[in-house]
Amino acid sequence: MTSQHTGEMPAISYNFAYLDEQTKRMIRRAILKAIAIPGYQVPFAAREMPMPYGWGTGGVQVTAAVLGPDDVLKVIDQGADDTTNAVAIRGFFEKTAGVATTTATTEATLIQTRHRIPETKLSENQILVYQVPIPEPLRFLEPRETETRQLHALEEYGLMHVKLYEDIARHGHIATTYAYPVEVAGRYVMDPSPIPKFDNPKMDDCPALQLFGAGREKRIYAIPPYTTVRSLDFEDHPFKVQRFAKPCALCAATGVYLDEVILDDRGGRMFVCSDTDYCNARQAEGHRGEMAAPVSSSGGAVLPHPTPLPHGEREQGDAPSLTLTARGAPEGAGEGPFGAEIAS
Amino acid sequence: MNMADKAPHPNPLPHGERESGAHSVSDAPDNAMPLTSPRGGEVGPQGRVRGEGAETRGPILDVAGVAKTFVLHLREGARLPVVSGAGFDLYPGECVALGGPSGAGKSSLLKMVYGNYRIDAGHIRVRDGGEVVDVASTAPRRLMKLRATTMGYVSQFLRVIPRVSALDVVAEPLVGDGVSREEALATAGALLARLNLPERLWSLPPATFSGGEQQRVNIARGLIAHRPLLLMDEPTASLDAANRQVVIGLIEEKKQAGVAILGIFHDAEVREAVCDRVIDVTDFARAA
Amino acid sequence: MTDQANQALAAADAPLLVSEGLSKNYGARIGCRDVSLDIYPGEVLAVVGESGSGKSTLLGLLSTELAASAGRVSYRMRDGVLRDLASLGAAERRLLMRTDWGLIRQNPADGLRMAVSAGGNVGERLMAVGWRHYGNIRREATDWLGRVEIAADRIDDDPRSFSGGMRQRLQIARNLVTKPRLVFMDEPTGGLDVSVQARLLDLIRGLVSEMGLAVVIVTHDLAVARLLSHRMVVMRHGRVIETGLTDQVLDDPREPYTQLLVSSVLAA
């Protein structure tokens, strides 16, 4: 897939969006079925993709099947457009489909995502494609696929509540913070992929079509536009989203999902928007958080976004206390771009 | 012929493991029990005996043409006849003893009446309210109901139920009849007191009681609820003289209340005190 | 087994479960042949026989875990109508199994969720039938743990930390929490120490009587059958060879095989 510099080898040309047309037809049929049965996991013949499982092969195949030449593609990973995974997938479609790409949520017609739903409300002419590692919400308690299929077929979802019960019994509250199970259109219980439960309400009655692709598990499922999506809970332990004590340290946004960024090994940290596009747009509009640089007269440079901890580590409450370097920090930015001198 | 010595059937379980259910308050029959009672009482020539004080309402128990043979398949199909052509009546308010030497089949016959042993021929009809039930041919469920409401069995041995107190063991049949637990326990306590069972034992499971103490618990359990027909297998075998007198009194009261009693009374004193007549099973055994 | 069991027996004269000509073949081998029997409300039926006699197959057929090669099983639904279980849809049958029926397996690990807390194990059936109030579920689970003599402070421990006897008691609580009318038990005391067995049997006996449960219990242990059951079915080579009240069959066994079974028990 890499470009050739050897000269004698012919340039490799790909079918539009890499997959052959028959494969795309097969995937589209699965998608149509998934849309027709909201929340139901439709098996499909997932192909080997030129990237390892766990890197979004399911989402990539779904995207490839629905992508058109006029689409504008955005790819995000944990809210960021500029992480390795997002960059790689964006590059993949630029190369194989030649489509336009963007980081702006509002400009995109197709958004492939891993672990987040954009903060900006989606619209009817958008499709959100999720990368899904484990599509089966009941897998935690029931390892047999034959049995979980049966449970879905018969709408036996007591087991799902057993998991929530266990959470409350062990932690005093529903400690599941991501991949929080939802009931779709009053029927199927679905794993929303490892998005934070903060994003769950965004799935409900969403104007955009939401598609989910699991490559290793070979499943596709969907939430059609304007579908009721309800997070499971107990009467006396209702579903609640995370709240953050402080606004985004960079753009001062409230009511958005924040990532914790550790600044040093002395306990210094900051909370910033997980959605980089949203944060950058707000900063461009002049919003300033407590640790943001003052508006510069020259160029209005947007402060680069630091790398957050991956969800899994943070949410298990045992995040290693390692200092992460700022992602995308300009060369020679020096030590501690978000240090005290900036904040003060 | 001594049936007991020939082990007429493979006797299954040790006492401790046999537990009673609603269907069976009695211990399992035990043919190995030595019966040394002399024969006594008058026996009719046909083996069909009727007491003089019989009521005109008709018998509560009508045994006719009963035959039973044990077939021991494990011993090349050896056949051990027990009784043949056994027949007699029992009327409300009378107490009748089964007599005959050890091994004559008294215990076996009692168990046939209770339905514990199945019979090869004949009828064992028990009047249950307005209905007559043939123990020999009725459905198991009907027999269960008959035992629960009409036909009680007081055996020699208490079948100990682990972890259940003596008081509860005694009260259980009353509770089963729908009496409140409180009232049943009070009645049970009164009965145990009358039988001179020290009150400190009431709350203990009877497993560790002496033979006499267990038998008194067993008698109390067997007599606490009203059953129009009572079968008693050596109810006083392990009792001292004072307690035998108490049991005689209890049996008299049952008779006064119109209960018909069929029993094996090894003890001559008790037999003479309570029995109106004796049916000698020797003839039934001889016929077999 | 007095108490309400007797009243239930007297009151309900219609069978709860009826099997007719039930057969199951495993290829050429016969698992179970032409078994017809009735189980009435509040009645405990023991199925005895040695390994390979077909008793477990029969239990599987009665509980619809196995599909019959011939014959049928009917069940009197709560509305009083006797229905052929094969005519029920999968959803209806499974609902029946997790509400009106219980199934106690010999190995508690097969009947419990070993990675789920005791409370979750007991609460699962409640959640399955729509309980959605955590506090109520927990209260009910605590109550049931008490009834099976598991200390309330073990409610959040998972069964892996429980002894064999405790696991089996937990399995019983998990099954009885929806107040079923019919419970299938497959060697419930198998593999337990004798003292643990006695306690468990006593517990089962009490609950069966108190709740007026109908029970089909498969056991090779005649003492268990004697303690718990009203009626008994003796199986050999896949067929029922002898039936009757439990004390009849045990005290006056007629068939050669039954006599062999009964005489093979060691007197302690």
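For clarity, chains are labelled A, B and C in written order, and residue numbers in each chain start from 1.
Keep in mind that, in the parts below, a contact is a pair of C-beta atoms (placed from the backbone, for glycine too) under 8 Å apart; a residue touches a chain by one contact, two chains touch by 3 or more.
Protein identities per chain, from UniProt: C = Phosphonate C-P lyase system protein PhnK.
The shown structure was predicted, so the numbers you read here are calculated from the model rather than taken from an experiment.
A.B. asks: Quick one: do these chains touch in a line, a ring, a star, all-to-all (complete), or other?
C.D. replies: line
A.B. asks: So using the touch definition from the top, which pair is joined by more C-beta contacts, B-C or A-C?
C.D. replies: Pair with the higher count of C-beta contacts: B-C.
A.B. asks: Per-chain C-alpha centres versus the global one: which chain is nearest?
C.D. replies: Answer for the innermost chain: C.
A.B. asks: Can you check how far apart chain A and chain B are, centre to centre, with Cα atoms defining each centre and the answer in Å?
C.D. replies: Here chain A and chain B have centroids separated by 80 Å.
A.B. asks: Once you find the CA centre of chain B and the CA centre of chain C, what distance in Å lies between them?
C.D. replies: The mean C-alpha positions of chain B and chain C differ by 32 Å.
A.B. asks: Counting in whole Å, what is the centre-to-centre distance of chain A and chain C, each centre being its mean C-alpha position?
C.D. replies: 49
A.B. asks: Which of the residues in chain C end up touching chain B in this complex?
C.D. replies: Touch residues, chain C against chain B: 1-3, 5-7, 9-10, 40, 43-44, 198-199, 201-202, 205, 209, 222-223, 226-231, 243-248, 250-256, 259-260, 262-263, 265, 267-268.
A.B. asks: Per the contact definition, I'd like the list of chain C residues that touch chain A in the complex.
C.D. replies: 90-91, 94, 98, 113, 115-117, 119-120, 123-129, 132-135, 137-138, 155-156
A.B. asks: Quick one: which bits of chain A touch chain C in the complex? Just the residue numbers, please.
C.D. replies: Against chain C, chain A makes touches at 141, 150, 153-156, 158-159, 161-162, 165-166, 168-170, 233-237.
A.B. asks: Please output the residues of chain B touching chain C within their complex, sorted ascending.
C.D. replies: Answer in residue numbers: 9-14, 16-19, 21-24, 28-29, 70-74, 111, 115-118, 140-141, 143-145, 148-149, 161-164, 172-173, 175-178.
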